[in-house]
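First the structure, in the form of structure tokens, and then the observations on it.
Chain naming follows the written order as A, B, C and D, and within any one chain the residues start at number 1.
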Amino acid sequence: MLVVMQAHASEEQVRAVCEKIDAAGLRAHPIPGAERTAIGITGNRGEVEIGLEEMPGVAEVIRVTKPYKLVSRDVKQENTVVHFPGSPASIGGPELAIIAGPCAVESREQTFAIAERVHRAGAQFFRGGAYKPRTSPYSFQGLGEEGLRILAEVRERWGMRVVTEAIDNESLELVEEYADVIQIGARNMQNFSLLKRAGRAKKPVLLKRGMAATLEEFLMAAEYVMCEGNYNVILCERGVRTFADHTRNTLDLSVVPAVHRLSHLPIVVDPSHGTGKRNKVTPLSRAAVAVGCDGLIVEVHNDPDRALSDGMQSLYPEQFDELMSEVRQIAAVVRRELPYQLAQNRRVLGTPDAPATAAAR
Amino acid sequence: MLVVMQAHASEEQVRAVCEKIDAAGLRAHPIPGAERTAIGITGNRGEVEIGLEEMPGVAEVIRVTKPYKLVSRDVKQENTVVHFPGSPASIGGPELAIIAGPCAVESREQTFAIAERVHRAGAQFFRGGAYKPRTSPYSFQGLGEEGLRILAEVRERWGMRVVTEAIDNESLELVEEYADVIQIGARNMQNFSLLKRAGRAKKPVLLKRGMAATLEEFLMAAEYVMCEGNYNVILCERGVRTFADHTRNTLDLSVVPAVHRLSHLPIVVDPSHGTGKRNKVTPLSRAAVAVGCDGLIVEVHNDPDRALSDGMQSLYPEQFDELMSEVRQIAAVVRRELPYQLAQNRRVLGTPDAPATAAAR
Amino acid sequence: MLVVMQAHASEEQVRAVCEKIDAAGLRAHPIPGAERTAIGITGNRGEVEIGLEEMPGVAEVIRVTKPYKLVSRDVKQENTVVHFPGSPASIGGPELAIIAGPCAVESREQTFAIAERVHRAGAQFFRGGAYKPRTSPYSFQGLGEEGLRILAEVRERWGMRVVTEAIDNESLELVEEYADVIQIGARNMQNFSLLKRAGRAKKPVLLKRGMAATLEEFLMAAEYVMCEGNYNVILCERGVRTFADHTRNTLDLSVVPAVHRLSHLPIVVDPSHGTGKRNKVTPLSRAAVAVGCDGLIVEVHNDPDRALSDGMQSLYPEQFDELMSEVRQIAAVVRRELPYQLAQNRRVLGTPDAPATAAAR
Amino acid sequence: MLVVMQAHASEEQVRAVCEKIDAAGLRAHPIPGAERTAIGITGNRGEVEIGLEEMPGVAEVIRVTKPYKLVSRDVKQENTVVHFPGSPASIGGPELAIIAGPCAVESREQTFAIAERVHRAGAQFFRGGAYKPRTSPYSFQGLGEEGLRILAEVRERWGMRVVTEAIDNESLELVEEYADVIQIGARNMQNFSLLKRAGRAKKPVLLKRGMAATLEEFLMAAEYVMCEGNYNVILCERGVRTFADHTRNTLDLSVVPAVHRLSHLPIVVDPSHGTGKRNKVTPLSRAAVAVGCDGLIVEVHNDPDRALSDGMQSLYPEQFDELMSEVRQIAAVVRRELPYQLAQNRRVLGTPDAPATAAAR
């Protein structure tokens, strides 16, 4: 159910409707829009018969027939733009979000070397796993909190916002504390307990599509996060599993316009996991931007051959520079912007090691 | 790495080897066999060079080249048979394990009505979800601990061992307390935190194959549980996701002989989720037993049309009787047994409501 | 559209209805049943308004809403049983059809050696490719007409009916001449020209499911054959393509009861292509019979390691003996029969090389 | 095997090598390159030991280890560019090939109306099926030769080269006569008889990827055409079949750079079949060009709602104008050109109906 308020409805009227919904044992989700506020109702089974239509300020009460409600464009017309306090970076707005960094945080030295390069190339976000979900229990599982501390230093030094994965409630608590975006990985897309916990977090959530998830399941997973009250969800296509064996996964770019049609949430694309092959990352990044995605999440490593995980799909820093330059041109065609690339002028200025936060924009 | 002890090695010798392994910062997994004990080593990277070959009682030290170690038949020749204290029921032995019950525990009344019927038909295990991972946050999520209490009553009254799903660490703790087998669902097959927690539990784990999991990933998930010390893992094929749309999932029966070839662990088949259609459950149950599975997990409901979840794939109790009778005959051909069916003689004796635990075998 | 005749309708009345249909530019397909005749109408778009209801002997005219008509059980209640003139063998009746032989006819010697063994084990049908659709143009493409001649000799000598693949109109013409069943391979399941040509042939057609064919597409391919007038179609499940990599294809046994529910056509299972691995063929054969299939098509080779194609999935003759013995017991449970196995008594009689045609049953 | 000639080798030397190969019962495929000629050898099993190394003009004889030979970039470094006599259009060169038109040729009127529009928008190629492979035998199967005649008129009038599908040897003969490119559809990708026949045709072949074809199978299908002597093969990605249900097929854009890496053949993308939804065609067209494809094949219909096939995925002519304008900008970024769009200036000139062949470039 969705309550659409009149254009001139007052804040008090909105609050009164929310209170009535809550009093009925349901949950109200006020969603302010450019013209008027809508209030999503969750927790009900079937129709809600508590006389909301008659309340002051209410324009109409409509039934949402799709299984997902809060993620639906029916409920919120305007695109969701995720903002970050103290940073000009955003996800879902006119600027493409570029999230780059190593698969895993391996050491302070490695992480800084990569951060320096991706920041110079124009990335506003830094990625790197401190908790790694690995197929084998005997593979490197990440540095844990030590890794998070390194990531926080990266933010401190270069001003990039930090995206990193949480794999359970314990790690989520720490990720929420140290990072700027809480990533939920493909293997946990239907770990509903974790989704609910992420829904109670105060930081935005980047939700990766499961390997065999339909679009509806993907949106329903986002709904799990949103119905707990966290409306800052960023979807991420990272390839699905098919019979095709020339890439590690099959990147399903058609899901980008499909998400934009059904939902107001932003969607970014991960061409690194989506292909699993270094030489496919840049062409598929161009394609992802051309199809209309809201950003890219790309693995970059300063020494991919010795990476502790996913080296095969990590770009060399030079390749990432190249990717950024190609993507920038495609972005212009689809009327998206990319932040200013620091590479050239910084080299000219000869200050490669100075803290860049202030100068970054 | 695997240390194979001599046939006549003493317990002390085994203990000494384990201590040396642990002292080296690794983990020893002693695996007693019919003829001699083997000791799996985990926690190492590459070769282990601590002079184990020279220790008394050691026959040889061999390198395990497969990515999975403890689940591998290389490490343990004999089939793993999971036993249940105080019950003649087992999984992996000559007797087929029949696990039956509703998708979800909905009420004491519904649960008892179904338990009565499946017990009569010969099921040694009762299934029923107290915690339900649902695609939608607005669907029935299970009764929680109340459901677990009802399941414990079922065990009390009919002597069936209880199998139920845990969806996170909190529910796992309770499931471990109330139930006999901890089920990890398909969506959590690569929830590695949950697998590790299950590996520290004192109860056997039934691990369902993920919707898009390869055989290797499936076995590696079991390895996660085992390498924490819980060797009682039961695998479960429940259908994989493909393009085919005449069933909800595509039941991959070839995985049964494939698992038996590579691993000593038992594997049961879930024809209910594997097909998603009531009329396919019995034929695929026959096929699963014929292919050589160690048991079946089947959804039965006394009123499927009003079930709160998965009604479409739940059998009527009469259909389950029929299934048991057909499966019993197939089992005989593949040299497996099924427990004695109580239905007929109980009807004759006219005591349909008497507690059956004592008389069950 | 389907015209259902009255139970006592005369042959003349049936003929009159067919003539009226043909005269309207449509096509009549009379389908005699146990109780009464039905007449399928194809070639129409939408309703057929030519006054058929009023004709003598007509009980009712009903609209078939499924996209397939002639394959549908709505049109013909009784199972289709394919018979072979001069042979007691059949497909779709109470006896399971066992079709065995090499992937390809390589030589007279190899073919005879295998024929001798599979005949002794009880196969009523012999398979072997004279025209091989190979992924590579540089692989062995079959002996062509020479291969067909060898197959005809096999029929002559052992009385087995011959099943072999046609890959185009030219080969189909020859296969129709020499063989007893025209096989259409998985890669040609939607080669509609070939299907139409097979529909005009005078021999039964064994139609294999395409690697990515839905059930509806599979049935529609059979409809292509039937609507040209050839009603003797045998369907064949041979595995579909999925992400799973422990077998060459994923054998979808659920399609057997699904076909039986929707169609009157028989369906056999190919566990050789369905798994691609010798050690999986026998377990999956047991499963296929248990699920209710109408027969098996199995690759057997006297020297699989030197086979010119598909050696990895071909059984040794001894393994086929074992398969037959296991399958015979499962068949009994599902109330199907298998022909008498000649092996034992022939050994006793000491006449392993004598022509067996006469004695075969 | 591949014979690499010296840079200065004479035509006679090349001919002598070819003759020696042919005389040995094998087949020589001379492949002239920018710097020197290579000669592919097919028909051999294993090494070819006929003393080619010693012949005048031969630089070296190398073994091709990939299963495909003639399609391989190992054999031919330079991109294959397919040219059309009497037309500036090409496929595989710097200019993107735009192939547009209706799914099926339904009538002269419909076809001309669409041709007028796509020509104006800049398409150099016209598509339209005269022979339609349809899932149902009762669906519209195409106008046959009448359709081909209409297509030939389109070429006559607007100068666009014609691409149309052949479904068997008979239709291929006619398509070869009337059209400029012989399309082999996805369902026939492994119809090896048809591929061989296409390999003997004098016109280029556009080969669509099968619904479940791996990259290797796709390239091997092209090899079938090439090894018969037709080296003008254009590959086409048109989506593969997966579990995903938000589009009709899953468009696998990663296959474009994968083909370019392994093969010298051009590859175009079909976003119409690749998505099955009108609103996805333009975004995926942008993505296809961005990923680096050599052209697009797009369905356009003047009245999609009444189209006899595939109306749901056909663009309105206005949408195709828009697509061309967006694709033109992306093309510039990846350094590809698009032909001059006639739309604007023609409107200005007020001559929408005049034959455009002469003015087209």
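One rule holds for everything that comes next: contacts are C-beta pairs under 8 Å (C-beta built on N, C-alpha and C of every residue); 3 or more make two chains touch, one makes a residue touch a chain.
Source: prediction; values computed, not measured.
*Asks:* Which other chains touch subunit B while also touching subunit C?
*Replies:* Both subunit B and subunit C are touched by A, D, going by the contact rule given at the top.
*Asks:* Of the other chains, whose C-alpha centre is the longest way from the centre of subunit D?
*Replies:* B
*Asks:* Just give me the whole-number Å value for how far the CA centre of subunit A lies from that of subunit D.
*Replies:* Each chain reduced to its C-alpha mean, subunit A and subunit D end up 38 Å apart.
*Asks:* Please compute the C-alpha centroid of subunit B, do the same for subunit D, then give the distance between them in whole Å.
*Replies:* So the centroids are 52 Å from each other.
*Asks:* Counting in whole Å, what is the centre-to-centre distance of subunit C and subunit D, each centre being its mean C-alpha position?
*Replies:* It comes to 37 Å between the two C-alpha centres.
*Asks:* Indicate the residues of subunit A shared as contacts by at least two other chains.
*Replies:* Where subunit A meets two or more other chains at a single residue, that happens at 212, 241-243.
*Asks:* Touch graph across the chains, line, ring, star, complete or other?
*Replies:* Its topology is that of a complete graph.
*Asks:* Which residues of subunit D touch subunit C in their complex?
*Replies:* 42-45, 67-69, 133-138, 167-171, 187-188, 190-194, 196, 210-212, 216-217, 220, 223-224, 227, 241
*Asks:* Okay, in this complex, where on subunit C does subunit B touch?
*Replies:* 212, 214-215, 240, 242-247, 250-258, 261, 274-275, 279-280, 283-284, 286-292, 326, 329-330, 333-334
*Asks:* Would you mind writing out the residues of subunit B in touch with subunit D in their complex?
*Replies:* Going by the criterion above, the answer is residues 241-243.
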